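Letters A, B, C and D mark the chains as written, and numbering starts fresh at 1 in each.
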Amino acid sequence: MSMKGWSREQMAEQVALDIPDGSYVNLGIGIPELVTKFVPEGREFIYHTENGLLGMGPAPTPGQEDPELINAGKKAVTAEPGASYFHHGDSFTMIRGGHIDVCVLGTMQISQHGDLANWSTGAPDAIPAVGGAMDLVAGVKTIFVISQHTTKTGISKLVSTCSYPLTGKAVVSRIYTDLAIIDIKAEGFRLRELAPGISFDEVCAKTDAPLLPPLLLPPIANEKRE
Amino acid sequence: MIDKRIKTVAASVADIPNGATIMVGGFGEAGSPTELIHALIDQGAKDLTVINNNTGNGEVGLAALIGAGQVRKMICSYPRSSHSKVFPELYRAGKIELEIVPQGTLAERIRAGGAGIPAFYTATTVGTPLAKGKEARLIKGRDYVLEYGLTADYALIKCEKADAKGNLIYNKTARNFNPIMCTAATVTIVQTREIVEVGALDPEHIVTPNIYVDRVVEVAQPVIESQLIAKGVQYP
Amino acid sequence: MSMKGWSREQMAEQVALDIPDGSYVNLGIGIPELVTKFVPEGREFIYHTENGLLGMGPAPTPGQEDPELINAGKKAVTAEPGASYFHHGDSFTMIRGGHIDVCVLGTMQISQHGDLANWSTGAPDAIPAVGGAMDLVAGVKTIFVISQHTTKTGISKLVSTCSYPLTGKAVVSRIYTDLAIIDIKAEGFRLRELAPGISFDEVCAKTDAPLLPPLLLPPIANEKRE
Amino acid sequence: MIDKRIKTVAASVADIPNGATIMVGGFGEAGSPTELIHALIDQGAKDLTVINNNTGNGEVGLAALIGAGQVRKMICSYPRSSHSKVFPELYRAGKIELEIVPQGTLAERIRAGGAGIPAFYTATTVGTPLAKGKEARLIKGRDYVLEYGLTADYALIKCEKADAKGNLIYNKTARNFNPIMCTAATVTIVQTREIVEVGALDPEHIVTPNIYVDRVVEVAQPVIESQLIAKGVQYP
């Protein structure tokens, strides 16, 4: 059976490949949490969780959970050597102050301008619940989004303009979907890499906004053009 | 001489009046002062405004306080909960108000309230529906919104160790909102797993200096909310 | 020899008598520091110093000084049991946030409206140096001033309007001088107590603003008038 | 893997360019990174803006840096010193600029700079000459002035113990401005009495989490400024 597209794990692996050694990283709940499984050999990431821990480690072995050592998703975690605890004011100093290098988030919609909508459908009976998402997108240096390209019913999550309420405006740098890696550029969605067995036309068809082909000029040619 | 110890949780919350604004520490169940909240349910004060990141779990602690109809308004970042229907039902029925504040802005507003900063600018919520009605300002080329400091009449706090003067240390991620809430309330009431001798806490390690603490009550073996919920406990 | 007026120590003692048990107290440099010697029996004050110590104790015995344990005047101090260290941001949270009960400061001038001028003469060649004084007067609940009533050349420090640059406007509650204790009221300087051997007329003569006599109505009479 | 250790103080400050803005920790001599400052004197960067509560003592440390003519502008609360004539002479000669900021506002501006708060309101300086030129605002019946966050290109920091990842703890009142300055600089350079194993510092006791620290250099026996001054030492 030939592979077509990326699995959730493979999407997370692609994200991990793009995070430099020594980065301070905050991972959203869900698929983003899988990034920890794919840290490339020779690199070290330090994980931050909003509820007051820098140097978060993986889930403890069953039976070793401590109800007072949890992550922002309220699941039991561990602390790595060199970790530190701090209060919520200090934790968001790290976020809002631009000290976290990379945040990886899931999404409901993302626009060609990098607008993110991942906290509310805006439905009249929805109870608004934003958590730390607006702080993260406003403060973290680089926002990566990891998400299925379309909803379960086939509707594109990549859109010209978000119809859902925004989490942040022009905040996302790059999107990792099951079909492709796409940069957000001044000119809009720009394909960076296709998943195995996926064609440019297929991604275009499933993207509800213009998708630009990758820039293929080799770096040396670019330099010469300067 | 200074001795802030109180014998019982009941006595420690006895004077909280109807209409009080109360900060409640904790993030999820970690650092949640469940015994103090239960004492407040027993005490019966009504028409409260409560500030907490969430709206409680199951039918114990903060969720039980809300369920008892004692809370007029919640100020929080994330009122959803996987184990609680209390808040959503009251909210949909129009029986409780909600002020939704992003988690970092909530923390900073509390910190500002405690630090005598009446208002500050932040980029959080710019360009989103939560910026609606907020004063906007361009500073050095970036857009910000104005946010106001938050203070409270009381704070209900949980910590790991305390001394009779009111110095506090916490346990792991149970620290969360507790230290900043201590600074922002007129009366700070603390439940602690252990009361130690004054001088037993290293001055370098104290997280909440005693100036922020008014009452300390020992709760040696606090309940764990998730265990109560697993057992289906409803308070009271 | 009959006593006339209060000594520096006696001024400090008068201040100490007016500070309630359990108060958090910040003492300015100079005469205010003497307050620690006169804490009334049965009372405990906790001393704060701006540079990050709550629970400051007296100067160490000679030879025991630690250059990393100093007060805001940069003199060696000690830490009492129950003391805590914190950074400057947190230290001024205590001050600006209204958590310190009493601050005792020296002064150059003080006006009948409670304006304090204690940081600069405003001379053209003066190098401005304000330290934490403006933060203290803006943030501490009760500001007591302790000072000689006049300068060495006999000029009143108590004035109608300060001619020196202000440290804070309408911030002082009470003044303790070598001649008298004077409250700042909405109506101006109001005598509270005369030092031994000092007459009301003498204090009036040395005060460069109207001085009102003490309110002599007993509390019971006051109650009846309500 | 993450290892922020640098072998020498000279290497740790080698890249500081002319015109840089530098936060220098310490209050008086306590917590003053004297060896880092001396390395900066040796390095020779000029036209610096320096943020420190004071202007140095005697003719060593910050006073020596100022005396060497490397500082264009000082931002501080208290430029007077009983043992130093360096700053007053340059100031009166018009050779150095001074921005005077109340101590608490200085601390809060640094804290705000590190916390992504571009500006905040405070009551400090209201009604005084230092409020001149500041935007005023009435909030809930009280007057405030607007103050802006401060950031720097570099911070020079002294601490007691550090690990290779850059976690820090301090000693007594030598903590002072150091932790907040760590948060507000693009590059934070730390001299520490001791470098310990990663994991040797208790996660509950770490004052500066490693996210704020870029370079750590061990200075096992730092000079004590008051002792140098007593001996009449002039640097270099």
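As a working rule, a residue touches a chain if its C-beta (ideal position, glycine included) is under 8 Å from a C-beta of that chain, and two chains touch if they have at least 3 such contacts.
Please read all numbers here as calculations on a predicted model, not as lab measurements.
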Margin query: Going only through chains that touch each other, how many steps at minimum separate chain A from chain C?
Written below: 2
Checklist line | Maximum centroid distance from chain C, chain identifier (CA atoms) | finding: A
Next item on the list: Please compute the C-alpha centroid of chain B, do the same for chain D, then give the distance between them in whole Å.
Entry: 34
Next item on the list: Determine the centre-to-centre distance between chain C and chain D, using the mean Cα coordinates as centres, and give it in whole Å.
Entry: 30
Check: Taking each residue of chain B in turn, which ones touch at least two of the other chains?
Finding: 108, 111, 115-117, 122-123, 170-172, 203-204
Next item on the list: Could you list the positions in chain C whose residues touch two or more of the other chains?
Entry: 79, 85-86, 92, 95-96, 138-139
Item checked: Which pairs of chains touch, using the document's own definition -> A-B, A-D, B-C, B-D, C-D
Margin query: Using the touch definition from the top, list the residues of chain A that touch chain B in their complex.
Written below: 49-53, 66-71, 74, 79, 85-89, 91-92, 95-96, 115, 122, 125, 127-135, 138-139, 165-170
Check: Can you list the residues on chain D that touch chain A in the complex?
Finding: 1-2, 111, 113-117, 163, 165, 167, 183, 198-199, 201, 203-204, 206, 209-212
Next item on the list: State the interface residues of chain B toward chain A in the complex, per the touch definition above.
Entry: 27-31, 53, 77-80, 87-88, 91-92, 98, 100, 102-108, 110-111, 122-130, 170-180, 207, 224-226
Note to self: Per the contact definition, I'd like the list of chain D residues that touch chain B in the complex.
What the structure shows: 108, 112, 115-123, 137, 139-140, 142, 144, 148, 169-172, 203-205
Check: Inside the complex, what are the residues of chain A that reach chain D?
Finding: 21-22, 24, 42, 44, 46, 48, 54-55, 79, 81-86, 92-100, 138-139
